[in-house]
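All remarks here apply to the structure that follows.
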Amino acid sequence: MESAAYKDNKNFHQARWEEPVIFELSTPGERGIFLPTIEPEIEELAGDVFDQMPEGVIRADLPALPEMAQMRVLKHYLHLSQENLGADFNVDIGQGTCTMKYSPKINEHFVRSPKVADLHPLQDEKTMQGTLEILYQTEQFLKSISGLDRFTLQPGGGSQAILAIVSIIRAWVDAKGLADTKDEIITTIFSHPSNCAVAKVKGFKVITIYADPVTGRPDFQAFKEAVSERTAALLITNPEDIGIYNEHIQDFTDLVHAHGGLCSYDQANANGILGITRAKEANFDICFFNIHKSFSSPHGCGGPGSGVVGVKEHLIDYLPVPLISYDQRNERYYLDYDVPNSVGKIKDFYGIVPAIIRAYAWIMSLGARGLLEVARVSVLNNNYVMQKLLQMRGITAPYADGEKRIEQVRFSFEKLKEETGCGFSDVQRRICDFACHIWSSHEPFIIPEPFTIEPTESYSKKELDQYLSAIEQIIEEAYTDPDLVKKAPHNSVIHHVAEHEYLDDPELWAITWRMYQKKYDGYFIRIGVK
Amino acid sequence: MFKLGLIVNPIAGMGGSVGLKGTDGTETLQMALQRGAVPSSPKRAAFVLEKLSSISDKFQLITCPGIMGEDIAKKCDIACEVLKMDVTDNTKPDHTRQAAGMLLQENVNLLLFVGGDGTARDLAAVVGEKHLCLGVPAGVKIHSSVFALSPSYAAEITGGLIRGRKARSRLAEVMDIDEDAFRAGEVKASLFGYLLVPGVERGLQVLKAGSPASESVRQQAIASYFVEEMNNDYLYLVGPGTTTRELLRKIGCEGTLLGVDALKGDQLIGEDLNENECLALIESFSGSGIRIVVTPIGGQGFIFGRGNQQLSPRVISKVGRDGIMILSTPGKLQALQGRPFRLDTGDPILDIKLTGFYRVYTGYRESTYYRVEN
Amino acid sequence: MKEPFIHPYIPNSDPEIQKEMLKDIGVTDIDDFFACIPDAQRYQGLLDLPKPYLSEVELKKHVYSIINKNTSAEELVSFLGGGCWQHHVPAICDEINSRSEFLTAYAGEPYEDHGRFQALFEYTSMMAELLDVDVVNVPTYDGSQAAATALRMACRITNRSRVIVVNTTAPDRLSVIKGYLYPDFEVIEIGHDPIIGLLDLAELENIVDETIGAVYFENPSYLGFIETQGQMISKAAHSCGALTVVYTDPSSLGILAPPSSYGADLTCGDIQPLGIHMFMGGGRGGFIGSPGDEKFIQEYPSRLFGIAPTTHGEWGFGDVAWERTSFANREDAKEFVGTAAALWGITAGVYLALMGPKGMRELGENCIKRANYAIKKMASIDNLKVPAIGKYFYKEFVVNFDETGKKVSDINDRLLERGILGGHDLSSSYPQLGQSALYCFTEIHSLDTIDRFVAELVSILKE
């Protein structure tokens, strides 16, 4: 028999330590860790090294870091960790677009092993054959999953993958002598803002296509107007963040190709289509995946993630260096710098090696049939949740009325806002009291009061029901006791940060502790201001 | 101490409940009263004041006598200072304008007004763009973007300002409708002017366009893009609006906010032109191209016909469809929620000819292709 | 209807559960959800992937069979540096960053994810003390990205489009910088003194003018020497209204004066030495520090966390000036924000808290003294030129082997046979330095280790 508490987390209270800011814990004289003492022979030969240095080279004072004994440091950070709701701890389906799936712990074993963690990137390749083999094999997997011909594993995340891609497009345009003609990149309004931002960093003008207000697909008529001989590339996601698959995607890629441009596939939303459709079949020249989304590497509070970029054969020569190659004759893996028109380096060294190793292990634990089931179940879970949410008051799912979606849905609380005065940000604060997250949307908010739910394949039906009951509860509260929702959170780590001007007003904001000390005395009491 | 000015237009909104559209003019008002209309704006004013009563020690209320404010304040138990003016039961636009002028003198921190587009227009005529105002919607005609979405939003914004929240302000359009056309079933709003209003709080979309900080910065970005692409040999006829004004400012000119200005290179060669003056300029122009630069006006996204009628069918025809350049912040696009831009040049056949997709400049090196329909 | 595939990672993979859920939705088969995808786009059959190891025991065996082909720097004796360094990683750093609460969190609000906001605020605050600046960002991808972004920031702040970069800059970093600044910004390289390595001040003073947005140098240099002309370089830059951007090693700042003390406007670098394993170059995070003026703050493309009050008097946190990051607000695209390196930022915070002021001082002393001891010892070996370039050193220096008649690659092969990873071979990236290698000494290299290495090297050179 299930307890009432299980059903809806009504009595949940997150750990509340009222943990001081670490500087407040500092106690002069305490030490956290010792360094080795310098041996007398070293002192004798090199001890006078400071005397010889010019003035201004040696630091005059000590940096004002906190002084804390070791266990106190541990305790402080453990307290903070308890005040953080990792995906492992909750039914994390509310962080849509982020693909908060299970990060298998066996993969952490591999990554933490000293033979992985303590490799120096510049070691003789003979000593790194293990990791190089895993990187190489993962690339082969990605080639199968996408249908494309070569991958770089270098970018540090999705946005940096886009940087690599647009750098490749830039190099390709320049190499063809088309820099003056092809200066435009087309993207869609629901694409990640980095697509537009990165395109501009690389000197392109951006044309953004809005969605058809009924179908939710990018407006093809508008797109037709936008494509011209000036089009260098199309950067597009499919399905888009609202969860709708654009079945006309080939019309889009065909049109760009007809005008001599390239097509790049942002596969941040790959989770629902693994093994179902690929970049190749939709005629893309380039694609990228987020290893920390579809491929199970944990999100780390905001990184490290990993973005891997794949290209068709005709673009291989532009990839960043080094690639990971295999020397058949000598039966060894090696870092391959022989990339004739390489864009150079996008980032230090070779990529986020631990993330790639996790992806390798994850794919090896599931195989082709497993990846297909990942896609199938994440889509099943998503449509199940959508069905239930749309039965609740105050919620709508704009666009594509009556259609099924792929792996996520962007809903709207606008009706709830109109009818109760409680909108997305209120629900977001109240849902913490139920040990859940909920996330809105990337900017801009095309859909008003948006929230995006992406169940992934990792949560059971019971858990999905648990999340749904939390939403249902909050909606009920919005209609009957809106103040409870508006004044939330009540059972979270802290209460409402109500005064946003402390984060928006240059006179008030404090981005570091020392900035805070310069402006305030005591709890937000302005120094020198009446 | 925060000085809050308050003007209540007691007759605003009465028409709607009895099937009339607006209460401009004494005749319509009489009709409304005969039909049993009850003033709704005093109720809305009271709602807002009640929400603010918990912080009444933080502000000083200055308002009009009698039904234009004082009575409501008394009912809500809020002390107020009363402006020295005569107010009868039969209030007129003159009263609103007079009160606005007096509150300007008092240097209030916020001029809160309860009414509709007509009230907003009265305020714009007196206050202009220099003083922070906010409308509490209580009329049937709410086409201006100077109003909060609802009385409770108005209370939230006002409360925030009173508590010391820094107001980022923006210029919002004041629209007014052709009354007779409206009663005949046609909506023909026109840009009347602008008022300075407080902005959007993060996560709280209280006014329909985007956050004001990004809105004005966006307008500058659009201006930068435009200037980058400009052809110094072209004549640009620049229509009214705050976005187009940023464009002129980027070049170093100060055009007219509500008028059509003519630009060539970095010089203004005409200001606040009427139709004939536009035509004359076009006729005599010897450069290599002519462009019309417009931005959507009013909440319905009209690029022609809602305040830029100087760009008449004759002017537009001379320039041609390909000569039309549209500037729009993404905020305005989003507010349309997928609906197209509209046009109403005055010539229905021309309107049909002009429908279709146009390139719209939306930021620095950013644009989109958007539908324009008649 | 597919063959069922039940898996521990997929709770709803059981066909019975699926049937129940499908019934609730009113759909007969999961395939119906994919009906919207046209046949031409459907992948037929199963992906070409190897047979999986479904049981954990088999998976473990398989993956370790590959991992065990590695030999790590910890198992050998390594003197490799070059931007990624072998420092001690305190156990508590690993303890905290393997906590699932931090490891698996992402983008929650400053309520349920309060811990991460506070941990990152504390990281930026401690870095601010180390760098002696007022503002530090939530980490970007790595030091090279930080350098490239800092240069673009400087150009936005000064409204200029050219930067001067010293040509001793790490080659890979220079590649990242050039790529990132292209095509809107021009990178001009200036030279250095071939003997003491310092930036060519005369050349700088000659070419810096009002078109220059930033002057960039590294201290300590990639080649290990300390750039002692900081004040004068800043003076030259500032005299023309350019900003000074300095790339530094945070492990050195307990002992070396931070760049802000000699005029740096933007300080950047990588936090890898602060408690992060090397991961074959996969453990990195970039920092940018600046003064607290709004004109700097508005140009950061990264997240900045600020402290704020709550309705109940607690410490609250949130994003500062969020709109700065969401739109390309200004004329010049304010770059982009993505998932970068937050977990490493938290880790670096733990490290700095453990070390404290004295620990960072002692770390710096360990590095300087051990490196300088090694210099003295290696200088006494016949036919070696030590140091090959530079006068004062932190933890790295260049050793030239030209007069031994041997190539660095051969010497390193011989060292490896003896369980030693010799310094990074510079002969292809810095041909002007001949057969040279970059050697690194940190707190992990004991007297014994250094002495034994010297003995091995002597013996190899005799062969």
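Details
Note that the chains are named A, B and C in the order they appear, and that numbering of residues resets to 1 at the start of each chain.
Basically, a residue touches a chain if its C-beta (ideal position, glycine included) is under 8 Å from a C-beta of that chain, and two chains touch if they have at least 3 such contacts.
Given the structure is predicted, the values throughout are model-derived calculations rather than measurements.
When each chain is reduced to the average of its Cα atoms, B sits farthest from chain A. Contact tally for A-C versus A-B: the pair with more C-beta pairs in contact is A-C.
Relative to the centroid of every protein C-alpha atom shown, the closest chain centre, again from C-alpha atoms, is found for A. Look at where the CA atoms of chain B average out and do the same for chain C: the two points lie 51 Å apart. Centre-to-centre, using mean CA coordinates, chain A is 19 Å away from chain C. Inter-chain spacing, taken between the CA centroids of chain A and chain B, is 40 Å. Residue numbers of chain A whose C-beta contacts span two or more other chains: 196, 200, 444, 499-500, 504. Residues of chain C found to touch two or more other chains are 322, 326-328, 333. Shared contact sites, meaning residues of chain B that touch two or more other chains, fall at 202, 364-366. The residues of chain A lying in touch with chain B in their complex are 189, 196, 200, 204-214, 221-223, 225-226, 421, 423-425, 444-446, 448, 499-501, 504-505. By the touch criterion stated above, chain B contacts chain A in their complex at residues 152, 164-166, 201-205, 210, 330-331, 333-334, 337-339, 357, 359, 362, 364-371.
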